[in-house]
Amino acid sequence: MEVGFLGLGIMGKAMATNLIKSGFKVTVWNRTLSKCNELVELGASIGETPAAVVKKCKLIIAMLSDPAATLLVVFDKDGVLEEICSGKGYIDMSTVDPETSTKISQAITAKGGSFLEAPVSGSKQPAEAGQLVILAAGHKALYDLAIPAFDVMGKKSFFLGEIGNGAKMKLVVNMIMGSMMNAFSEGLVLAERSGLNPSNLLDVLDLGGIANPMFRGKGPGMLKGNHSPAFPLKHQQKDMRLALALGDENAVSMPVAAAANEAFKKARSMGLGDLDFSAVYEIVKMQKD
Amino acid sequence: MEVGFLGLGIMGKAMATNLIKSGFKVTVWNRTLSKCNELVELGASIGETPAAVVKKCKLIIAMLSDPAATLLVVFDKDGVLEEICSGKGYIDMSTVDPETSTKISQAITAKGGSFLEAPVSGSKQPAEAGQLVILAAGHKALYDLAIPAFDVMGKKSFFLGEIGNGAKMKLVVNMIMGSMMNAFSEGLVLAERSGLNPSNLLDVLDLGGIANPMFRGKGPGMLKGNHSPAFPLKHQQKDMRLALALGDENAVSMPVAAAANEAFKKARSMGLGDLDFSAVYEIVKMQKD
Amino acid sequence: MEVGFLGLGIMGKAMATNLIKSGFKVTVWNRTLSKCNELVELGASIGETPAAVVKKCKLIIAMLSDPAATLLVVFDKDGVLEEICSGKGYIDMSTVDPETSTKISQAITAKGGSFLEAPVSGSKQPAEAGQLVILAAGHKALYDLAIPAFDVMGKKSFFLGEIGNGAKMKLVVNMIMGSMMNAFSEGLVLAERSGLNPSNLLDVLDLGGIANPMFRGKGPGMLKGNHSPAFPLKHQQKDMRLALALGDENAVSMPVAAAANEAFKKARSMGLGDLDFSAVYEIVKMQKD
Amino acid sequence: MEVGFLGLGIMGKAMATNLIKSGFKVTVWNRTLSKCNELVELGASIGETPAAVVKKCKLIIAMLSDPAATLLVVFDKDGVLEEICSGKGYIDMSTVDPETSTKISQAITAKGGSFLEAPVSGSKQPAEAGQLVILAAGHKALYDLAIPAFDVMGKKSFFLGEIGNGAKMKLVVNMIMGSMMNAFSEGLVLAERSGLNPSNLLDVLDLGGIANPMFRGKGPGMLKGNHSPAFPLKHQQKDMRLALALGDENAVSMPVAAAANEAFKKARSMGLGDLDFSAVYEIVKMQKD
């Protein structure tokens, strides 16, 4: 299958590489075209503009850094919209808000094209290993068509229904994650202050029913005060806020998430927003010397 | 090594069996003596009373149902206290409160014996498989002596310091678990009400950084309204309360655990106390028809 | 002073009446013009359109039902904007969001007029008694000019600075009020369930340091399950949400307001949104029969 | 009526003085007897010991500093218990826990005497002005007998039923007060950070439906960082904890009180426990400089 790929950042480059290595014919485009060279050496073609890529391919995948970039690639001069048409499918795998996603979806479908939002769970390493989790929503037929590509880029893909559901699923997962991080931090501090060794707590947790990669991966660093940002606290707090807003729309009362959100807000107010979201631990720990 | 074993309930029987099969010489006692027969067939001796078992063995392990039973076995006529003395070690692996544990510890040590509280994490299956997690505290020398027995009964044992720390460690773990169950429930309900398939959420969670046996094991049943009690909600709420009280003593603010505790209390007031603690999900879900 | 008055609903009629009775020359307009008759009998003139009122008066006050109505009165054909100009001041006393207020402010000032948002605290009775609390923001000179009119309509007026501050002040007050209603409800239920007479609690509260008109006014009805809407719960919850959003913008952690908001959301999900916000009491009280 | 009065601290002295001035014949006792002199000048008699006072009077009132003192006065040599008997009534107006109260009640009634716990709401000033609020529980007949004395010492007295209810009522009131103080603090900080003048907020609040003496009295000081202790934060937090424990017993979920309690705990951990409970404001306000 001929696949177009727009955006060769850390994630996009890894994903496109996997497609090429699995035998897909890939035409790549990147705002800074020089970044395409490495992919060309692996066998990719270059498209001069997003429009050129769309003209050439029936299936186009985009992986861009933020909502602004996703909108530019579609709506700008020489953008996707100029060449999209019936028979062509556009898959945006960037992480964007539902409004952005809906806006792109409407523009694509108005021109006869089909559209899928497909944000992923997982960062650089899973992208390189083809182990992403893909949360797709939009045109089911396009999803079915894209499965071979998804199988290469991810360990699992989901079709979640209508546009917006991919973004919603990410919010729900991140909300649970944020509450868990607070629960974990409270436990670590409680252990420490009541005379237990928090390292022992890490070991005990890892042997039981709530053992999970996040506790295992972040716990030891947290105890040393290491919160170098994998997922910045301010972004985690934004996702908590958006998840709570989603709950508000649907009259879902979520007191634990609300309490966690306020803790993240306190962390922001104490200047920890750019650290990893595990830095909420410092707020729980904070006491008079 | 000659080991005495007091209490052959579901847990005790499995643990004693593992000791025998691993070559320990075991003398067993149980309130209903007939329950000893099965162990005798495997090679165990019988002690007529706790005192008789203590007289015969240097290392005695108890696994009883509740604090009342643990006190009786020690302080009653023909109890442990009558024969315990210097050179003998008593290990109580039952789950009891720190007060009970302290009372027993003081009585044993007053007679010259050494003592270890060693509550376990894990239920029937891990007990049978020798996969318990053992949270020991008290006399370090006794712990060192007991390691071969712990290695047979558990996959891992910890020495946590002074008496009471075993119970505290269990509280901290259960507190984190209770908050996580609330976070999980909120996520499931939010998914459902915002148009996502909560089964998909289970799958997505299980592929990510917060995947854990509890979500995996309980999630599908929860969605069907199945909350048959593995760990009753009223006990989970009691542990949350005790953990919060421990936090109060040590001036640890734990807003997420506090919010979770109030949700469990609401569940209790709605008559769900005897169901599994996953029934807090029903409280989050509750809405006008 | 010649004053224009747009909007003769329950509030507007009472306020305009007070102005007339205090000797102001008032020109009134209302979408349904027949509502003006009563005011005419008291001495008011009629303006056929908002524009006509603005043409005739230098000071124009509007008291309309919602943001949509406030926008129409300004921007529609024959609206305020057609005649507003330098030397004329427009005061919107309706309760609207900051965006609406800002939009109107910009349009008025672009034409050379001056503008004040001046939402009030207090409903029908205080309006009739001239006992409103007026939260004004915008052009200070216009505020100074309007003081005689404010003195007639309210017991106190505040100038709060830039546009938006009137709305913000209302949000902050309503947030405190919402948390207090939850605290009050929790206390009433706790009293009842622990064997106290909640009516006694009302009496004790009313004699102490936290005695306030809301507890006094709503308490007895709440105990009887009477929650006929003075301020609907869904609006109270909306204000909690907006106040929390304001806190989010400014990184203010407000865990008590967040917990109260979740309780109001639960009340909404149980179908109590159209009752008075005191109906959150029913959520706290809810238990298995 | 002949009345005995035990304990002439700040509160007791004021209360006994009011009784004398209203025509009661009062026999006083105090651990440091010299403190009785002032009362003797007003017309009081002196009792050498609590027992001597009980022997002389049919109605005895105690106002002591803490549970330990109340127990000593009753159970110690020359204590109340030596002379209490049928036909005599003992009223303890000290603030004590239900256990202490129950212990005293049982001892008094075993000797044939009747007993009332009657903690008060109000401190020095209301005591001097005879404006206390009296929360009595125990023997109704004794309450009826004591009404003339209560009418002199307080502006209002309540009979709340069985022993323990006086203490419970105080807990419920203090719980509501603690949540309100948090709500107030959150509002003040939100106002400040969103560009409003918090002094204006104080004024607006004082004109509306939630105006109350606590906001009015403590607000201005709080804004200046003045938290000199009228009611120490650590005692307020203890009362929140006890109220939450009472809720736990009765399966009452109180998420707002729970969130407030955690904020007070954080204040304790930051070293603010000896300041007034209004110091929780400093926790809400805390941010990176």
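Side notes on the structure shown:
Lettered A, B, C and D in written order, each chain numbered from 1.
As a working rule, contacts are C-beta pairs under 8 Å (C-beta built on N, C-alpha and C of every residue); 3 or more make two chains touch, one makes a residue touch a chain.
All figures in this text were calculated on a predicted structure; none of them were measured in a lab.
Under the contact definition, chain A and chain B share the contacting chains C, D.
Distance between Cα centroids is largest for the pairing of chain B with C. Looking at C-D and A-C side by side, the one with more C-beta contacts is C-D.
Rounded to whole angstrom, the centroid-to-centroid distance between chain B and chain C, based on C-alpha atoms, equals 56 Å. Between chain C and chain D, the centres computed from C-alpha atoms are 39 Å apart. Distance between chain centres (mean CA atoms), chain A to chain C: 42 Å. In chain A, the residues that reach two or more other chains under the touch definition are 247, 251-255, 258-259, 262-263, 266, 269, 287. Those residues of chain B whose C-beta lies close enough to touch chain D in the complex are 241, 247-248, 251-255, 258-259, 261-263, 265-266, 268-269. Within the complex, the chain C residues that touch chain B are 255, 259, 266, 269-271, 286-288. Those residues of chain C whose C-beta lies close enough to touch chain D in the complex are 121-122, 133, 135, 155-156, 158, 160-162, 165, 168-169, 172-173, 175-177, 179-180, 182-184, 186-187, 189-191, 193-197, 200-201, 203-205, 207-214, 217, 243, 246-247, 249-260, 262-263, 284, 287.
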